[in-house]
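What follows is a set of structures to go through.
Both complexes below contain chain A, partnered by chain B and then by chain C.
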Partner chain A sequence: MRRDLGWWALLLPAFLLMTVLYVAPILQVLAISVTEPTLGAQNYNRLLTNAGVQRVVWTTLRIGLLTTALALLLGYALAYVIALARPAAQRWWLLGVLLPLWISVLVRAFAWVTLLRRQGLLNQGLQATGLIDAPLPLVWNEFGVVVGMVHYMVPYAVLPMLASMREIDPRLLAAARGLGASRGTVFGRVFLPLSLPGVVAAAVLVFIFSLGFYITPAILGGGKTLMAAEWIKLQILDLVRWGMGAMLATVLVAAILATLAVFSRVVDLRRLFGARA
Partner chain B sequence: MSSTAGHALALRGLTRRYGSFVAVRDVSLNVESGEFVTLLGPSGSGKTTMLMMVAGFTEPSEGTILLDGRDITALPPERRDFGMVFQGYALFPHMTVAENVAFPLRVRGLGRAAREEKVRAALDLVQLDRFADRKPAQLSGGQQQRVALARALVFDPALLLLDEPLSALDKKLRGELQEELKALHRRVGRTFINVTHDQEEALRLSDRVAILDHGRLVQQGSPLELYERPATRFVADFLGRSNFLAGVVREVRPGAMALVAGGTRLVQAVAYGAPKLALGTPGLLALRPEKISLLAEGEAADTEVAGEIAAWSYHGTGFALSVQTVDLGLLQVALPAWRAPIAPAEGMAVRLGWPADASVPVAEDSHAA
Partner chain C sequence: MQTFQQDCVELAWQQHRRGRLSRRQLLAGLAALGATTFTGGEAAAQAARELVMVNWGGLANEGFGRNYGAPFSADHPGVRVVQDSTGPSAGRIRSMVESGRTTWDLCDSSASSSIVLGRANLAQKIDYSIVNRADVIGPGFALEWGAAPYSFSSVLVYDSAKFPTPPQNWADFWDLRRFPGTRLLRKDALAVLEAAQMSLGRAPASLYPLDLAACLKRVSDIRRNSVYWANGSESEQFLRTGEAVMGQIWHTRATVLEKESNGRFKFIWNQGLLQAGIMVIPRGNPGGELAQRLLASMLAKPEPQVQLLGLLGNGPTNPKAAALVPEHLKRFNPTEPANAASQVVVNGAWWGDNYQNANAELMDVISG
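Then we have the complex of A and B:
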């Protein structure tokens, strides 16, 4: 017993650090959301009555789902190519996928602005070739936000899907063809079902990340496309409405936990965060 | 399920190169309808490459593959209609046993009712009907092997290809499944092509064995032919065990010849029409350990040699003796244990003998590329 106590004592500093610096502030946010400006659920009522709040929630969900869908689609194609490439080629492909992760999100957001703005490379190029007369509105709207977010999320989509594709025994694919299946059927009936755990894991990861995006939508949305994180910052720092900001923050955390709870029944979450069973 | 008979396969001058490496070199082989043929060879002999070319996964560099006289060399694997049991079985882990077996029928667009009936019949055939709803991971190795067999046979394939089907199983189970596989071949009456490195499996299962070495077809024939009349040193050594006796041809008469090794005269029967060795040339004989007998006082044999027991061991059914001789080196002798004429001891002097038709002339191996 005493020996056990000694081991637990070793965990104490980490435990305190977590509670004091992490759990406590979250609880405080929760508390603020039901006490500011007065005690009660009036902030949460706004979720049902205030059109502005509802619009933000709806925009966040819509952009989150759209980003997830597009990142999965692009990521699956990439992961598929990488999984079937020769080992030497695989290393280069992976480097290409991981490289953007090492570049600051701020740099990438501004890079997209320079590419997509009215006098940007894309619009000028299209005008020069005569395909369009007037510049297209490619940035400071939802389109620009989705472009930037998908670009950010693709590597996160590739990695879990690639891991799950690499576990597929290539002999299964040969066996399926030997038994009479065309390449398309082999993909649909064998490869896709076996890679599905990776797809679900990637979807959860990308969707959760997308809900809390701040910098990318703030820069590429130009203040017109408000997502939850930016709206919370607006409430707390600009409008000093702590109660409203804390309320949406709490809703965001609850939404993420709910997503995890639902999908933990479908996929092994340890896989999602890199641990192996 | 045995509605149609087996099909015949012919390989003509099959060659496969990987860069400058030749994995299979100019192999021609006929597999008759309903035959059980085994491609036997050590690892790297090209036997798996051969099977992969037959299955359509590997393209031959040269040569043609004919099925019932029709050229199928360019046909992709899914259009050859061959059943295949892969090494490690390659069962689909996300499907149940029944879904695995139904897979080849499903991709052929068979209706649900017909599919279910055929799946049931195939699972009956391998005695796995009770396991239809299990996942492959819930089955033992032997059961998985039988699912793979059922899946490969369910669509009435023209040929059944087996890639080391029993190598993942333990020895006892392997023996049982060899019997089952042989019985299954008799029941379905289809053409089976098996690949293995296990010579015992090849001898027990096959109607005919093709022995491969360094990508070449060295010899083919019934198991009995190959064991009794190996053509080369490699075949004699790979299929069972052999002593090799080297000598110089000293006498050639109709039906027999004699070689001389030091002071020992080796008398060798020569089958009618077999190529004779020329006088004065070196010759090599292969002699199975079980064909050597211990000679009693005054007993004579076509070939006799004296020696001394260097080592011995007891195997229940017999003794394995290593006898040191002056002219022939160390000879391996298998002596039946029951009523053995001697109680072996190291250093004991013995006289060995064997009849003229016990040994066979074999060719030295030529591995020159």
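Then we have the complex of A and C:
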């Protein structure tokens, strides 16, 4: 017991540093939401009464959920293929998944603009083959935003799911086959249930990330898709309505903590954030 | 009541007394908590000799230094004017002033921001015993909490390859039948709502007060056929790449488009929204009264203002400047008398009262 306390004391400086440099300033900023313009909950009342704020919250949730669903779908397929590939091939697959992670989010957003705009590669290609007459509206709308965000989030979806799939004992699959199950049954009754913890972990991670997106919607949305992060920036930097900005920031933090609290009952959060391999 | 930080300090001392934290760790922890005293105010020590002018970066950094800073230093030996390109948004100015350590002297702001800042007691009143009101072309360029050494305009620009008959005004801009194609507007209420109001037939001379509801409805009418820009380079790209065929953008970007496309993209001054490039002095600025003198010097010297027109496209505001503008720049000068006559000066006072609300409403409309 005495020795345990010694270890905790060693952690104390790091803990204090984090508290002072990170937690305390954040709390100070969030506190503005109840002190500006006057003391009280008027900013939070706006959440219930102001259609503009509600729209921003709803847009953020909608895009976050859509992105999560699509990233999980694509990520699951990828993780499945990687998990079942030969070790040598796995390395190449993983490199392919991780490569986009090292490219700046700004560069990737502009790359999507180049591909998706009216005179972009995709529209020109489709027009050249005669499949469409007029360019499709692929960007400057929510579609473009979701494409950009899913692209960003797929690696984050793949990694937890892959980790979970790798823990599945291949002998279980062989045994199920040996007992007469079809490929579909083996997947549906054995593989999928065993990989579910990874899916939930990936969903939590991707959803939380999606709520805070700033650059991708700002560039690919054509100015018409306003998500929480950009709205907060507008209130703080340009309109100087710090109370309102801090209010939505608080709501965002609360939403993230609530998501974590709910799912911490289902999935091991320490594994999700890499504390345990 | 005890604050969280105070409790951290107490906790550290407690741990030290119980032998769980060495003296060195304790001191490091206290320093990190800000519980030991620091000596501050290095900015204040240099105050008298250096003025910090804050701009939005790019060419302005060099241009402002050469044409605003250098002439002032020449008149005031020993005073250096340094440029900082942080981008002095109203929010940044507020956080600096409220932190009690203002390091900026003169900030490139806007008419509406100057009023928002001034009313919140975050900007200093312009001292018109030092700054001369007669040094600017109109009352909209010398406001209570800021004055404008330059001007710019939000103009109608269009792709002439798409329209054999050119659009003439904002009514044409809103006419999607005669001029089909995507429109481009700034993601900001200022200038956009004026254009909407004029498209509804209101005479430019009696534009204010704007009918907010009608203007917002007007923007919402073309929402599906429009895209919105946030920064100047973006506005240029939307037009160059054909994503939009007609737009309301800053005259500086429109000038670059017109020149670099050999006239394919054209812009018109008619019903352009002429705006004052208002500079503000944050409250508690280190240079004190010297910043007022710098601003006065910027307004009083027409030659550097004309230089800036050539470099950045910023219009001069000194009444003597127009006569000095070379022939080839006149077409692109927002305050050239012929150009200014067909524009409308944006009413900073109206926006000071309505900016926050109107902008929130506009965001709601375009993200609808």
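Note that in this section the second predicted complex is superposed on the first by the 262 of 277 C-alpha atoms of A that agree within 3 Å, B and C clash if a C-alpha of one lies under 4 Å from a C-alpha of the other, contacts with A are read in each partner's own complex, and residues count from 1 in each chain.
In the analysis below, contacts are C-beta pairs under 8 Å (C-beta built on N, C-alpha and C of every residue); 3 or more make two chains touch, one makes a residue touch a chain.
All of these numbers come straight from a predicted model, not from anything done at the bench.
In the model built by aligning both structures on chain A, chain B fits alongside chain C without clashing. When the shared chain is aligned, chain C comes close enough to touch A:W140, but chain B does not.
Shared-chain residue A:A128: touches no atom of chain B or chain C. Of the two partner chains placed by superposition, A:L11 touches none, neither chain B nor chain C. Remark: in the superposition on chain A the angle formed at chain A by the CA centres of chain B and chain C amounts to 160 degrees, rounded in steps of 10. Shared-chain residue A:D238: touches chain C; no touch with chain B.
When the two complexes are overlaid on their common chain A, residue A:L21 makes contact with chain C while staying clear of chain B.
The larger set of touched chain A residues comes from C, when the choice is between chain B and chain C. Contact with chain B, but none with chain C, is seen for A:T185 once the two complexes are overlaid on the shared chain.
Of the two partner chains placed by the overlay, only chain C lies in contact with A:R117; chain B stays clear of it.
When the two structures are aligned on their common chain, the gap between the nearest CA atoms of chain B and chain C comes to 42 Å.
Overlap of the chain B and chain C interfaces on chain A: none, as no residue is touched by both.
Of all residues in chain A, only 5-6, 9, 12-13, 16-17, 19-21, 24, 27, 51-52, 55-56, 59, 117-119, 140, 218, 222-226, 231, 234, 236-242 touch chain C in the complex they form.
Partner chain A is touched in their complex by these residues of chain B: 55-57, 76-79, 81-84, 86-88, 90, 92-94, 103-104, 106-108, 151-152, 155. The part of chain C that touches chain A in the complex is made up of residues 4-5, 8, 12, 15, 20-21, 25, 28-29, 32-34, 89-92, 94, 116-117, 120, 187, 223, 227-230, 241-243, 355-356, 359-361, 363-364, 366-368.
The residues of chain A lying in touch with chain B in their complex are 169, 171-172, 174-182, 185, 189-190, 193-194.
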